[in-house]
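Per-chain numbering from 1; labels A, B and C assigned in written order.
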Amino acid sequence: MSKVIGAPADTEAVIGLEVHVELLTASKMFCGCRNAFGAPPNTLVCPVCLGMPGSLPVANAKAVEYLCKAGMALGCTIAEYSKFDRKNYFYPDMPKNYQISQYDMPLTTGGSVTLPSGKRVNLTRIHLEEDTGKNVHAGESIARSAYTLVDYNRAGVPLMEIVSEPEISSAREAEEYLAELKAVMSYIGVSDVKMHEGSLRCDANVSIRPAGARELGTKVEIKNLNSFRSVGRAIEYEIERMRACVREGERIVQETRGWDEGSGTTHSMRSKELAHDYRYFPDPDLVPLELGRALLSRWRTELPELPAAKRTRYVRDFGLSEYDAGVLTSERSDADFFEAVAAASGNPKQAANWMMGDVRKVLDRAEMTLASARGRPEQVAALITLVANGTISGKAAKEVIESVMIDGRQPADVVAERGLAQTSDAGAVAAFVDQALHANADSVASYKAGKEKAFEFLVGQVMKLSRGKANVEMVRGLLKERLG
Amino acid sequence: MPEVPIDIAHVAKLARLPLSAEEAERFSSQFGRLFEFIRELQALDVEHVHPTAQVIPLHNVLRTDEVRPCLDHEAAIQNAPATEGPYFKMPRILE
Amino acid sequence: MTMNTGHEIREAIARGEVSAVEATETALAAIAATERRLQAYLQVTPERALARAKEIDAAIARGQDLGLLAGVPVAVKDLFCTQGVRTTAGSKILENFVPPYSATVVRRLEAQGAIIVGKTNMDEFAMGSSCENSAFKATRNPWSTEDVPGGSSGGSAATVGARCVPIALGTDTGGSIREPASFCGVVGVKPTYGRVSRYGIVAFASSLDQAGPMTVDVRDSADALEAIAGFDPMDSTSANVDVPHYAAQLRNDLKGIRVGIVSEFEESIAPDAAMHALYKRAYEDLRALGAELVDVSLPHSKYGLATYYLIAPAEASSNLARYDGARYGLRVDGPDVFSMFDETRAAGFGPEVKRRIILGTYALSSGYYDAYYVRAQKVRTLMKKDFDEAFARCDVIACPAVSCPPFQLGAKSQDPVAMYLMDFFTIPMSLAGVPAMSVPAGYVDDLPVGLQLVAPAFEEGRMFGVAHAYEQATRHAWARTPIVYAGDGHAA
């Protein structure tokens, strides 16, 4: 376990995360209402997800498939027999005052998430459940508003809860864990994992203990974590708060604390509620799941190559660095784009440089993504080829990339239109070189006197005379020849 | 009156069903007789018996992921005791 | 009073002797004539019914095929959701609830041409055996208006017993169709669990609830069940098992049929000489029709009551959590949302419902779940096995439906356990999920008593066959006229 920054050397943090991921199905978990974010309030509802008298749930096959695929991607064991249970408690965003969830027989158990350091964080389980509605409140907080307004559009959206073992030891590891989960989920296409839209939500269980101690310290659950950044900040804050408690000789209370993004602090969510007794029992409206080997192995074959495997392959086959491989694989669509560029150009290293460099730069500037950009991999590859075969300079290519990515132009067209093609005609290049040598006798003298810098100046002069079109490699070669 | 093991006040809280003192007392005595029957169950040896949650031997009853029409917004909220705009309205939540 | 059965009405309509509008008007008139004394309905819907009847007549005039229940007036218990028609489940907490959708069985009835004339009274949330737990009114027994009609489907039983409509729908969780059917002298069918969709039926106990017909004769039950049964993609627990044409399975003799007589039940009924004699005669009638009587045993049936009163209230405590004043139904406001929940539920539920919510919450609560709920589910397994073993020896079981004829209003309302015991003979079938029905078997103290017939899962056709032979041979339902017609000037 790593040491807590700033803590006494003998304190370590123990963190477990409960991550809720909304599944990207077309319809809700137990009814046919559209599963979508941002619709007008209470328009994506029906008797089932409003919990109306007499309504009954029927489980969405796709949600079960997605959860199992997520489980397979994380190395979980898929249960041979699983069932849905009711979790009973009263809350106004929950139409039936129970949540259909899974208690003692979740769809998957075990599995792990591997952090960039190579550390494996084990998973306890992943289970399937339904999301709740949303309480909207006027004023600054729920408790201070005079009334609550509820939108049930989100009620019944399929949700998987991924529970980790308490094996994360820092805020940074927590963020890395989430990033990896997010990458895996987006790879297999089971969720759009947008924290700001709530399709990925996180609660953190945090405790501290003397370094090397075996038993866990008193645990605090932090809620309301709605960005990777706030997960990290909240955990850091909470570890500091606990450490201060210990220093002051105060007792750490087992409780739920809310994260306040504005103040950057956690606060106790004192509940008037008695200790929760969820009275789980098998939902008699639903029947058990026994998925069978044939179905599970079919799903397994449908899984795409996962980020970890891709990273290994990029390093091994393309000779990329671990870091570059990590950046390129963080989103599946980006990795797919990159691989298409690499294949079409036959130059993976250049493809990687372009994707992480100028392509990224022009997209960021235009506030676009690879998906929304008009440029396709073949065009980027064509540009790389134009540089490789000496048609244009690398510098000229940088001028072309924007038109290619943003406007979807063909690189060759842009080059022709702007007259960016290099001159590789030996006679023409030699004429520029001679003209430059003639006009800059001082520099020639300096170079000959040992000033290496003068060489670059001369290259620059040649390029200037050729208005950038002379093939720079030829220029260098000729200059060396003449000066040598 | 036979002993009733139920902590009625606690259970009433879980059920969000406040009872008057009179109700709680009446229920308690009525449960007494019922528990005479329930206690007979405790005598049965069921150690090796599987529980039956559902009498029908069904499994994997799943629907394909298809969107079906939702309720019209008006129909969805027409029964609401209180609304504000498109929302269901209720008293504030005290945490 | 000439009251026709549903199939007679349909045939008369087919022959053009009567219209759906006329059949509906006849039913509405009979309801109007008896309702003051019977109190069977929470709502009669004449405009809707007549409008629907006109549509049926128009469809027939256009030459459309007649549905199985074309033009037949039907009443439904007030827990079947009916789009645009208030549905209360007999509870104050749903007093003003107007569902935006209809139950699958309601849609199926209407698809077969049935005319729904109204919503019948019931024990609140189907919890009760006398209809006295309705938040709105107490329904009377058409054979003796001092007495209860049974429950919880008391209004449906009473309106059929009074010959106002030939068919009504009820629901049965532990006996809520069969006991009132027995009390009101009608046929009442609890189908196999999973035979009929529960979608749109206000839930009491999800693993036990089943809707079924209550009718004057067996043929109507067969037709009505055929109309409503079958897989529903909206109900995960509805079985994908073909629905036969039950009417084709009706028999007139019982040659080759082995009828199981349950020894434990015979011991229970023996102390009541009149009841004992009635059932003895019923078994002899079956034998006279050619049946072979065999003794069978349901050794765990004595645990039925305890098992049922753990499982059903546990499920109910969760099913009824949604009634909180937030989205529909009654609201009693409070300073914050949880006090609103509390106040609403305290004011909206009646005593029996509260009792069961408390009991069920307890059975599921931490520390007691295994001792009560899980144990009850295990005993349920044993009970199911009892039936499997019994049906290895017989084709159907014949046994008492009730332990007594109808009782006076108020006689048991202060003693819940005495009321619970009314379901002694009906609970085991509910727990095992097997189909069972009550068919009129005669009278004790001039009040109707039903014989219960039970078949293996999805063998309703066999059960109807036996019931039909018995009914046609004995004709108990036609032996007398319900007393509700004496004194109101509407007697036959």
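Throughout what follows, a residue touches a chain if its C-beta (ideal position, glycine included) is under 8 Å from a C-beta of that chain, and two chains touch if they have at least 3 such contacts.
As the structure is a computational prediction, the values presented were derived from the model and not from experiment.
Farthest chain from subunit A, judged by C-alpha centroids: C. Of all the chains shown, the one with its CA centroid nearest the global CA centroid is B. Of the two interfaces, B-C and A-B, the higher number of touching C-beta pairs belongs to B-C.
Mean C-alpha position of subunit A lies 57 Å from that of subunit C.
Taking the mean of the C-alpha atoms as each chain's centre, subunit B and subunit C sit 23 Å apart. Between subunit A and subunit B, the centres computed from C-alpha atoms are 41 Å apart.
The set of subunit C residues touching two or more other chains comprises 97, 100-101, 207, 233, 236-237, 317, 321, 324, 326-328, 337-338, 341, 361, 365. Annotation for subunit A: residues touching 2 or more other chains are 47, 50, 58-59, 90, 92, 97, 148, 150, 272, 277, 279, 284, 286-287.
Each of the following residues of subunit B touches two or more other chains: 10, 14, 16, 53-54, 56, 58, 61, 63, 71, 76, 88, 90-94. Interface residues of subunit C, counted against subunit B in their complex, comprise 96-98, 100-101, 193-194, 207, 233, 236-237, 239, 302-303, 305-307, 309-310, 317, 321, 324-331, 333-343, 345-346, 349, 351, 354-355, 357-359, 361-362, 365, 368, 371-372, 374-382, 384, 416-417, 420, 431-433, 457. Residue ranges of subunit B in contact with subunit A, taken from their complex: 10, 13-14, 16, 53-54, 56, 58-71, 73, 76-77, 84-95.
Per the touch definition, subunit A reaches subunit B in the complex via residues 25-27, 31-34, 40-47, 50, 58-64, 83, 90, 92, 97, 135-137, 142-143, 145-152, 269-272, 274, 277, 279, 282, 284, 286-291. The residues of subunit C lying in touch with subunit A in their complex are 79-81, 87, 89, 94, 97, 99-101, 103, 198-203, 205-207, 233-237, 314-315, 317-318, 321-322, 324, 326-328, 337-338, 341, 361, 364-366, 369, 373.
The residues of subunit A lying in touch with subunit C in their complex are 47, 50-59, 86, 88, 90, 92, 95-98, 148, 150, 272, 277, 279-281, 283-287.
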